[in-house]
Amino acid sequence: MNPAEKTFSHLDPVTGQPAMVDVSGKEVTRRMARARCIVVPGEEVMQHLADGEIHTKKGPVFRTAIVAGIMAAKKTAELIPLCHPLSLENCHIDIRVNGQREVEIDCTAVITAKTGVEMEALTGASVAALTLYDMCKSFSHDIVIREVKLLEKTGGKSDYRKNG
Amino acid sequence: MNPAEKTFSHLDPVTGQPAMVDVSGKEVTRRMARARCIVVPGEEVMQHLADGEIHTKKGPVFRTAIVAGIMAAKKTAELIPLCHPLSLENCHIDIRVNGQREVEIDCTAVITAKTGVEMEALTGASVAALTLYDMCKSFSHDIVIREVKLLEKTGGKSDYRKNG
Amino acid sequence: MNPAEKTFSHLDPVTGQPAMVDVSGKEVTRRMARARCIVVPGEEVMQHLADGEIHTKKGPVFRTAIVAGIMAAKKTAELIPLCHPLSLENCHIDIRVNGQREVEIDCTAVITAKTGVEMEALTGASVAALTLYDMCKSFSHDIVIREVKLLEKTGGKSDYRKNG
Amino acid sequence: MNPAEKTFSHLDPVTGQPAMVDVSGKEVTRRMARARCIVVPGEEVMQHLADGEIHTKKGPVFRTAIVAGIMAAKKTAELIPLCHPLSLENCHIDIRVNGQREVEIDCTAVITAKTGVEMEALTGASVAALTLYDMCKSFSHDIVIREVKLLEKTGGKSDYRKNG
Amino acid sequence: MNPAEKTFSHLDPVTGQPAMVDVSGKEVTRRMARARCIVVPGEEVMQHLADGEIHTKKGPVFRTAIVAGIMAAKKTAELIPLCHPLSLENCHIDIRVNGQREVEIDCTAVITAKTGVEMEALTGASVAALTLYDMCKSFSHDIVIREVKLLEKTGGKSDYRKNG
Amino acid sequence: MNPAEKTFSHLDPVTGQPAMVDVSGKEVTRRMARARCIVVPGEEVMQHLADGEIHTKKGPVFRTAIVAGIMAAKKTAELIPLCHPLSLENCHIDIRVNGQREVEIDCTAVITAKTGVEMEALTGASVAALTLYDMCKSFSHDIVIREVKLLEKTGGKSDYRKNG
């Protein structure tokens, strides 16, 4: 299906005003989404990496970022105006340092519901990254979140897996 | 000052546990921070750009993203565990399409207080970007937030301006 | 059934203390509610109406009010002490100017659950109206919300439709 | 000053996008606002009025509505997108039955700050009214909130007092 | 089963990082939990007990504490980082003075879901107790919450009833 | 001053309805409060104590509880109906195991404001304790929070220090 057709079938033909999507008629299925955030903390920050964790005056960075990310994933519908409120059944965040001395944050969200949890996974990963920023910014402000993206989702009308 | 010295002077020498930074003794000054988020929506989404706005079944994207970003900036201390609660005096979000058909989101936060508003600016820009994602994801999931960074801050102990 | 009988059958005969209603034994059905709020902005404000929207220094009024109303509808159980938390499946807000140069705000909420969404519809309409007030108050404070009411509800023990 | 002039001086001449008003340069003064909400509960509900309070299966209506209204006033900046977050110094809600067997809800908010508390007073009164609705709706849905308005405000650039 | 075995079977064998428990595969059943909080207000406060209620300048203590406790129970997943968000179907708080002139607060929570509501009951009771503290602290700060515990839970893998 | 006099001078002589205390006329001073919560986790849980931390399938208990407690302290005015919203300048939580194999949680809150932070300290300690409960309850439900109290406060009209 080409993009134009997708638009045509989906568009509320009327008002052009903000609106939620009606999911009341959709099927309840198990849905999963996984998002990734890559943070480039820079060398000043990475000098403080030891035993798989960064310690700052604000405490252990990765552990605190995981807690913040999970709590934010639960708040997704409060942050993103047109998201449906969902009762997450699982949210898992994994943080590790990759070969380029970047920090990779993966957030996986799971639910059995009428709509998917992409935004929950993306929000959880993003707020974990922002928390990392906050805890490390006394070392340097040259921290960059260089990527936030969806890796995969399953369980809705169509599955998705990121290329490359 | 080298990074090691910074660490030495800042580190809570005790517990290694999460902790806020005590700002009760700091000076009240006018503080400003500006952050940028760049979103690469991809061609499927950008086909729907018209007159400086993207319209989807969820409504006008940029305008809704601005509202979401401002509201999220006000919630920063609720999202980032060790941030101080602050009464923002201004928050401005600007969204435009740049020459590479990317969406640039700038968020500026202002306060007169004992601590800065970097996290408010970064959070506002990030949630605006996530809202853009949410509203456009019926077109495509190949949307990538390719950069979140601080552009500048003024008014605290030291100013900062991003190079490049 | 007369009111006295209703009271008799419903009243927690014991304490007179605040209490939620136990809905754990109720049936899951599709429930809809629609509420209306009428705002009389007054002439100073209405001079700024153009092309079905009011533009102020705070931006486009109706579009922002719709976003605020939808977000508030999702927060209903946080605002109204004895409301059950519900995962809204749809929330739609429509704003238009009627023949008396008043602003009519209709909010429709939908859920498949054990209890109804009247309060969600009423809260969504009310906060949309308050947002309109906030955005227009630099023109005039003589803005009056002159009616908030339930138009109809379906799907529970008994349907309701407002007369007149 | 005529309305057009007000507009001219206030309008952000640029984007037409949602934006907060920058209050960072404004003066800190003591500000007060008082709003009123009138609820017409209808006869079915008013039969349950006794000793200045309505008792339902959800508990004492006016007392619970006051608590809800005060808590909502504190949440104003979370509900109204472009409101500044404020640390309320006082919030008082008074509920009484008037001569027309209507319920009058007055909410007074006070702060020492750079911007006013009209929206806090209006939000507190509105959520108190919605709580009254929620607690009485098992008796009847023919409850109407027939007026929400600002009675007065003092302490900013200009005072306001409602006529009539 | 001895504790060591419980640990062995439950422990995420991997990371030692904060994580939610995946409940997506669990069965939906009716679950109930009841928690108790005992507050020792001290004699200065208890002199103000009359007709089963304490009245202070902040209003009726027990009634307000019940409202606060119910609202907090609904916020449990926002407060406790790894709790699943749940749509409570009932929450009931009962406050009474026992023979030792202590205040006993019982909070009962009910849901039909994949996971239990112990934390909701405990949170509701605790915030009711904190509200009592707040309302009585103008009389004395020698108020002690001397016990918060789970009384019973039913409906999950195993029931629990407190001894003694 | 005897208790009766305190009451007399403080009591809103009018309505007996819930009300905030007006602090708009009070002096801005530096205020500190420290509260303690003692948790008796029981032997099943304490077997898992190693190197000053308890590890469960939900992760490191004390570190997560500290994060939760700090975040809750920032939410105090949202939880306790008549508390004033405050912008905490510091919040520090310390958790340790005492000689009776109990867990002691101390929460210190600091602000420069017109009113004190006792409730912030008590709320932070309580939610840290509830988080400990949540993370350890897969081992045992025989966990008891056996004390929540204020240790000291300074900076308001009168200081307070707990005896014994």
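When the chains are written out, they are named A, B, C, D, E and F in that same order, and each has its own residue count from 1.
Everything that follows uses one rule, which is that a contact is a pair of C-beta atoms (placed from the backbone, for glycine too) under 8 Å apart; a residue touches a chain by one contact, two chains touch by 3 or more.
Just so we're on the same page, UniProt names per chain: A, B, C, D, E, F = cyclic pyranopterin monophosphate synthase.
Since we're looking at a predicted model, the values are computed, not measured.
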| item | value |
| --- | --- |
| Farthest-lying chain, centroid of Cα atoms versus that of chain B | E |
| Whole-Å separation of chain centres (CA-atom averages), chain C against chain E | 31 |
| Centroid distance [mean C-alpha coordinates] between chain D and chain C, Å | 15 |
| Computed distance of Cα centres, chain D from chain A, in Å | 37 |
| Shared interface positions of chain B, touching two or more other chains | 17-21, 59-60, 63-64, 66-68, 71, 75, 78, 81-82, 86-87 |
| Interchain contacts, given as pairs of chains that touch | A-B, A-C, A-E, A-F, B-C, B-D, B-F, C-D, C-E, D-E, D-F, E-F |
| Of chain E, residues touching chain F in the complex | 3-4, 6-7, 10-12, 16-21, 44, 47-48, 55-60, 64, 67-68, 71-72, 75, 78-83, 118-119, 122-123, 126-127, 129-131, 133-135, 137-150, 153, 160, 162 |
| Chain F residues within the chain B interface of the complex | 30, 62-63, 66-67, 70-71, 74-75, 86-95, 110-112 |
| Chain F to chain D touching residues, read off their complex | 15, 17-24, 77-78, 81-82, 84-87, 113-114 |
| Residues on chain E engaged by chain D in the complex (per definition of touch) | 59-60, 63-64, 66-68, 71 |
